[in-house]
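This is the structure I have questions about; it appears just below.
The letters A, B, C and D name the chains in turn, as written, and every chain counts its residues from 1.
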Amino acid sequence: MESAREEREEKETARLEAFSDGVFAIAITLLVLELKVPAGSASLGRTLASEWPSFAAYLTSFATIGIMWLNHHRLFTLIRRVDHWLLVLNGLLLLGVSVVPFPTELVAQYLGHPGEVTATAVYGGSFVFIALGFNGLWRYASSRDRHPPLLRVPHDAPEVLAIHDQYRVGPIAYLVAFVVAFWWPNVSIAMMLALAVFFLIPAKVKSAGS
Amino acid sequence: MESAREEREEKETARLEAFSDGVFAIAITLLVLELKVPAGSASLGRTLASEWPSFAAYLTSFATIGIMWLNHHRLFTLIRRVDHWLLVLNGLLLLGVSVVPFPTELVAQYLGHPGEVTATAVYGGSFVFIALGFNGLWRYASSRDRHPPLLRVPHDAPEVLAIHDQYRVGPIAYLVAFVVAFWWPNVSIAMMLALAVFFLIPAKVKSAGS
Amino acid sequence: MESAREEREEKETARLEAFSDGVFAIAITLLVLELKVPAGSASLGRTLASEWPSFAAYLTSFATIGIMWLNHHRLFTLIRRVDHWLLVLNGLLLLGVSVVPFPTELVAQYLGHPGEVTATAVYGGSFVFIALGFNGLWRYASSRDRHPPLLRVPHDAPEVLAIHDQYRVGPIAYLVAFVVAFWWPNVSIAMMLALAVFFLIPAKVKSAGS
Amino acid sequence: MESAREEREEKETARLEAFSDGVFAIAITLLVLELKVPAGSASLGRTLASEWPSFAAYLTSFATIGIMWLNHHRLFTLIRRVDHWLLVLNGLLLLGVSVVPFPTELVAQYLGHPGEVTATAVYGGSFVFIALGFNGLWRYASSRDRHPPLLRVPHDAPEVLAIHDQYRVGPIAYLVAFVVAFWWPNVSIAMMLALAVFFLIPAKVKSAGS
C-alpha cells in the first residue's frame, strides 16, 4: 500500500512536470508568431532593420522563458511529490509564463512609439509576476510545515538554502526593471535581457556540488 | 504473456495521458493568441483597460482549462487501462477542451456589445459540453460492467464514490451559468470564473485520504 | 551489450512516439485557429450559423486526426524498434498530418462559394496522402524483409494480418471521397466525416482479442 | 548516493529531450500557419498554384526541421548526462529551430518579388546558425575535457568520430546555400531542400553498426 502510493505520487509529479514543460515549450515557440512579415516592402532589409524592437523583444522573451524553464526543471529535481496547493501555485506560474507572448508583442509594436512606457511596464510587470510565482512555489514546497515533506532533501539542505538566496534576487531585479520602464523603456528592456543572461551563469552551489 | 499484455496496457494508458496533456497544454497556451495588441493606440493604457473583457475571458478560460487538466490528471491516477470506447470518450472531451479558444475569443470581442448574449451562451455551452464529457468518461470508466475493470480500485471504493458526488455538481453548475447568460452575460462570466476558483478547493476525500 | 542496445532501441521508439504524439496533439489543437470570430456582427447567432462550413470542416478534421492518432498509437503497440527508413516514412506521415489545418481552412472558407471543388479536392487529397502514408509505414514495418524485425510479433501474426485488411480500405475510401469532390463537394465532406465515424467502430480483431 | 545522482542525471537528460522534442514538434507544426488561404479567389486552383513559393518553403522547412529533430535524437542516444552549459547550448539551438517559421514566411511572401534576396539570405542564415548550434552542442558534449564525461561512450568511439565527420559538412553546405542566395534565390532554396533530402540518407556508421 505504502509503495503503491509512492509510485502514484511519483507519477503525479512526473505528469505535472510534463504538463509544465509542454506549456513552457509552447509559450517559447509561439513567440515566433509575434515576428511579423512586412507586407510587400520595396526594401525588405531596411524594413526588417527598422523592426528591431520585435527582435529585441523576441530574444529577451525567449531567453527569459528558457531560463524559467531551467529554473522549473531544477526545482523539480528536488521536489518528490506534489499536493493540491502546489498544483495551484504551479498553475499560477504557468499563467504568467503562457501570457508572455502578449506583452512581448506589445513591446514589439510600441517600443519607439507613444505608448512604449505602458507596453514596457506591462512586459516588466509580467516578469515580476512570474518571479513572485517562482518564489511562492518554492517557498511552499520547501516549507518545514509540509507533512509529509514535498522535497527529496531536508528543508534546510544546502542546495535548498542556496535556492532561497538566489530567489531573493529575482523579484527585486525585475521590480527595478519594471520601475525603470516608466522613464527609460529601452533601458528596461536591456536590463531584462541582461538579467536573463546573468541567470545563465550557474549558481555557486552548482559548481561546488557537481 | 499476461504480464506482457499488462505492460502494453500501461503503455497505452500512459500514451493516452501524454496525448491528452499535450492537447490541454496547447489549448491553454493558445488562449494567449486571443489577446490582441491594439494597433497604434495613442493612449495604450486606456485602450488596454477598455479591453478588459479579453482579460476576463482569458483568465476564466485559463483557470477552467487548468482545473479540467487537474481533473483529468486525477481520474487517470485511478484508471489503469483504457479500452476503445474510453479512447473515443476521451476524444470527445478533448474536442471540447481544444475548442475553448474560439468561444473565449467570441466573449472577448462581444462582451459589452450587441451579440454578447450569443457569445456568452456559446462560451457557457462549451463548458456544459466539457462537464458532460467528463461525466461520460468517468461513468464509463468506473462502471461495474467493465470486464476486466478499467480502474485500479474497486468500482465502489470511497474515492470513486467521492468523484461521483463531485461530478454531479459540474454539469448543473455550468448549465445554470449557461442559462444566466441569456439575461446577464457579465454575471454568467463571473459565475464561470467563480466555479473555476470553487473547484480549486480540494474535495473532502482529498484532505481525508492524503 | 545486447541488452544495452535493446534499451537504446526502446528509448528511440519511445521518443519517436512522443514526438509524433506532439505533432498530432498540436495539429489537432491548431485547427481551432481556423474558426474565425466574425467582426462586429449585429446578429451574431445568424452569422455563426452561416459559418457552418467552418464547423463542419473543424469537426471532420478533428475526428480524422483523432482517428489517425489512434491508428498510429495502435501500430506502435506492435512496433518494437525503429530504423532509419521507418523514421523517414513516419516523417512523411507527420507531414500529411501537420498540413491538415490548411486544407481545413480552405474548405471552411470556400464551401458554398466558387472554388469549393478545388478546396474540397485539396482536402480529400491530403487525406489520401495520409492514408497512403499509413500504408507505407505499416507495410515497411511489417515486411518479412526487416532483419532484425521491427515488430514485437511475427510478421504473420493475426493482429498484423487484421491491420493489413483494415488498411486496404483507407486509401480507396478516401480516394472515392476525393473523386466525389469534383461533382458534389458537400457530399465529399459528409463522406469524410462518415469515414472518421466508421473507423471509430473497433475492428473485429480488437473485440475478439481483448 | 552515487546511484541517486545518476538517476537524477538521467531524469534531467530525459526532461531536456522531452522539452526539446516539444519545441521541435511545435515549430514543425506551426509552419502550417504560414500557408495562407487566399481571400475569395474566383479561380482558387490558379491562385494556389501561384502560391508555389509558400509550398516550396513549407516543404523545405518541414524537411529541415525533421532532419534536425532526427539529428538531435541521435546525439541524445549518445549523451548520458547534461551539465549547465549543455543546457545553454541546447537553448541556443532551440532558439534557431523555433525561429524558422519566420524566415519561412519571409521566403513564402517574397520569393519572386523584390526583396527575395534578403528573404532567402535570412532563411539560409538561420540554417547556418542552427548548423553551427549543432556543432557547438556536439563539440561541447564530446570534448575530452568534460569530467565526468557527458557521453555514454568514449570520446573517441567510432560513432562519435563519424558524427564529427558528418557535422563538418553541415555549416559549410548551408553557408554555400546562404551565399548563393545573393545571386539566385531560387537555386538557394532548391539547394536547401536538396540538403535536407541528402541528410536523409543514413551515414555509413549507421548501416555498418546496426
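One rule holds in what follows: a residue touches a chain if its C-beta (ideal position, glycine included) is under 8 Å from a C-beta of that chain, and two chains touch if they have at least 3 such contacts.
Since the structure is predicted, the reported quantities are computational estimates derived from the model, not experimental observations.
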Set of chains whose contacts include both chain C and chain B: none
Turning angle required so that chain A lies on chain D, C-alpha fit (0 to 180°, nearest 5): 90
Same-site or different-site touching of chain C by its copy chain D, using the half cut: different
For chain A paired with chain B, centre-to-centre distance based on mean C-alpha positions, whole Å: 25
Distance between the centres, which are taken as Cα means, of chain C and chain A, whole angstrom: 36
Residues of chain D whose C-beta touches two or more other chains: 18, 22, 26, 30, 33
Residues of chain C touching chain B in the complex: 17-18, 21-22, 24-26, 28-33, 35, 37, 39-45, 48, 58, 62-63, 66, 69-70, 73, 77, 200, 202, 206, 210
Chain B contact footprint on chain A (complex, rising order): 8, 11-12, 15-16, 18-19, 22-23, 26-27, 30, 33, 83-84, 87-88, 91, 94-95, 98-102, 105-106, 109-110, 113-115, 118-119, 122
